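As written, the chain order gives the labels A, B, C and D, with residue 1 at the start of each chain.
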Amino acid sequence: MIGYLEGKILYRQGERIMILAGGVGYEVLLPSVVSASMTKGPGDETGLYIYFHQTEKQPKPVLIGFNSLEEREFFERFISVEAIGPIKAVSALCIPIGEIAAAIENKDSGALRKLKGIGARTADKIIATLRGKMAVFAGEHGGEPAGPAPVEENFHLLVLDVLVNQLGHKAAEAKELINQAIKRNPAISSPEELFDEVYRGETG
Amino acid sequence: MIGYLEGKILYRQGERIMILAGGVGYEVLLPSVVSASMTKGPGDETGLYIYFHQTEKQPKPVLIGFNSLEEREFFERFISVEAIGPIKAVSALCIPIGEIAAAIENKDSGALRKLKGIGARTADKIIATLRGKMAVFAGEHGGEPAGPAPVEENFHLLVLDVLVNQLGHKAAEAKELINQAIKRNPAISSPEELFDEVYRGETG
Amino acid sequence: MIGYLEGKILYRQGERIMILAGGVGYEVLLPSVVSASMTKGPGDETGLYIYFHQTEKQPKPVLIGFNSLEEREFFERFISVEAIGPIKAVSALCIPIGEIAAAIENKDSGALRKLKGIGARTADKIIATLRGKMAVFAGEHGGEPAGPAPVEENFHLLVLDVLVNQLGHKAAEAKELINQAIKRNPAISSPEELFDEVYRGETG
Amino acid sequence: MIGYLEGKILYRQGERIMILAGGVGYEVLLPSVVSASMTKGPGDETGLYIYFHQTEKQPKPVLIGFNSLEEREFFERFISVEAIGPIKAVSALCIPIGEIAAAIENKDSGALRKLKGIGARTADKIIATLRGKMAVFAGEHGGEPAGPAPVEENFHLLVLDVLVNQLGHKAAEAKELINQAIKRNPAISSPEELFDEVYRGETG
């Protein structure tokens, strides 16, 4: 739905910022790393990429803001980890994403445990789910290359990303669809084929 | 709710496009045939007709974009087929709608099975549900005329279309309302009469 | 939420109209009496008062358009009749609201049964629920005055109207709250007192 | 989501006002103290801070308007009292918030019982929940200082406020998360530590 907002900053209070666009003030929640990187204040024009969070249990939309599509994409992968929802991720992103990405690629669970709200178990889940898929975000923090992620893991993530963030499936549900598709057709070797098989399975 | 968006293209990534209107960036999902037909890119002004998808299970709205009202109307009929939801239809529309319409009118199940995510069973359901109703979209791909659809089939579809896409009934529920109305009053011969009977039945 | 839209008409198709405001095209459903009164077409600027319909069962908002606040207010009272939801009311409003109001005030069930989708039982419910409260809409169609509605019935309707249309209670639920409040405190003689008692009952 | 609206007043009717922003008229419900303080009318430009109310049971959003962020913040604390929902609070705020704050700080249950819809039991709940936390709003109505609220009560409220109003938790649920966090780690002495412990508890 809403993926970007640009306009005048009406106010900033801790991790809360309000952007006035077309006469409407939109309240946006900033991960602390994004808030820390923002120098602008009330009266300045700005633009933020938005993750639009709305679920059955919580129909009141929460808008989460990022400086770039890349930051938002990192966030969308981060919340594909079981037990990390968007709200928990907002407080966990308190150091530059490059450092978090490097910690994941380097299996540095200690570094991940320093993120707000991330305990030992969740740190291990993050590494198990995302290792090999975050190097693109590590940048100059480039961790010791975990070696190229096996090809099929990469396109699995791509399809997972579209199923969850574009097509509104829940993360667990989307993973189940992908696993069943691969069981039905292990020879799958591209996102398109995987997509086909996921939907063929859905209806036959 | 939202049926059209016009503004500057902020970005395009595969089947995803963002349109900036009034300071708000709306994320739109494009069926591949629509994406393939779009030559514009970031910075260009464009306009898209929107199918606004939001359900109880999936309250986070998904906006699906089309070049014309006609393409959107084809899509709305296509998703009236049982087991074809909006998201599945987005990946299935990967060839021009005229060709799909012609395949339906010509009972060409083989051609339909080439659509992404469409298996044999679904192809048969598409033909059983839509044949005789899609000639208007076949255009120069005009299939071997299936002969004019029986009059009452046409206005059934019209009423079905309004019940589902305007009045928010589920496809199956709307079909049930129509069937009961016709059982109560087989002499019905116009959309208005059918509408009357559908609502008379609802409350008496 | 949305109570009014103004902008350029993008298209009109039967009872469907799209209004472009701030780069966003909003799809609006028009009761036939409203559609019949509209002379404008694509390209013209217009403004419509909107009834914003959204429920748990049907989260996809439906926008229903009116020429005036008065027409919308008539609609809001009309849908307070049990078994008449917004969508059914859209097709029922096919003659000027003054004539419908007069038919209600004159207990003319025959005239009401000519409204699309309104059978005998619903016609009687309309009269039982609204008689004495619709004279204000009858205008020159002024029916034989039903005599001033008893004072307390008028402010009951006012409180009912706010509970349903502003505060989102369901019609049946709101009526129950009002009945219990009056049972607890029969001496109530103003909307404020009734409101107080309704909320005192809610929590004590 | 929406936290502010600015534009032309289309109409005012009792506690209802409509603001036209970008071609869209937004209907806003005003607490009577806010409505009483507004001198502007149809045709005037105005701006209101908005509390966006939307729940599972009531998906149709209700927009509640305030003159300032401070008034809105008072409202957000007021509705953290068990049994006081946003709609009930709208009718209860019928005297200046400074006076209500002073009544709370002075344990003046009699004054609170004069608020619309507030009975004896709810008045006591308001005092039990908010006393020591509302002095900031008492201003010149400054009640007899209740003595500085114990430090940890202040940051509990801060965390509660973010959990409910930013992160969409229900008030009761948020209080439970905070109580458990403090049981696990009584030494907590800052909002950040409390946040960490709340989320560590959520997933471990």
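The rule is simple: a residue touches a chain if its C-beta (ideal position, glycine included) is under 8 Å from a C-beta of that chain, and two chains touch if they have at least 3 such contacts.
Because the structure is a prediction, the values reported are computed rather than measured.
*Asks:* Taking touch as defined above, what minimum step count separates chain A and chain C?
*Replies:* Shortest path length, in steps: 2.
*Asks:* Same or different: do the copies chain B and chain C touch each other through matching residue numbers, with over half of them shared?
*Replies:* different
*Asks:* Need the CA-centroid distance for the pair chain B / chain D, whole Å please.
*Replies:* 44
*Asks:* Report the inter-centroid distance (CA atoms only) between chain A and chain B in whole Å.
*Replies:* Comparing mean C-alpha positions, chain B is 31 Å from chain A.
*Asks:* Find every residue in chain B that makes contact with two or more other chains and list them.
*Replies:* Only 22, 26, 56, 59 qualify.
*Asks:* Pull out all the chain pairs that touch, please.
*Replies:* A-B, A-D, B-C, C-D
*Asks:* In their complex, what parts of chain A are in touch with chain B?
*Replies:* Per the touch definition, chain A meets chain B at residues 1-7, 21-22, 26, 49-50, 52-56, 59, 69, 166-168, 192, 195-196, 198-200, 202-204.
*Asks:* Given the complex with chain A, which residues does chain B contribute to the contact?
*Replies:* Those in contact with chain A are residues 10-11, 15-16, 18, 20, 22-27, 29, 56-63, 83-84, 87-88, 90-92, 116-122.
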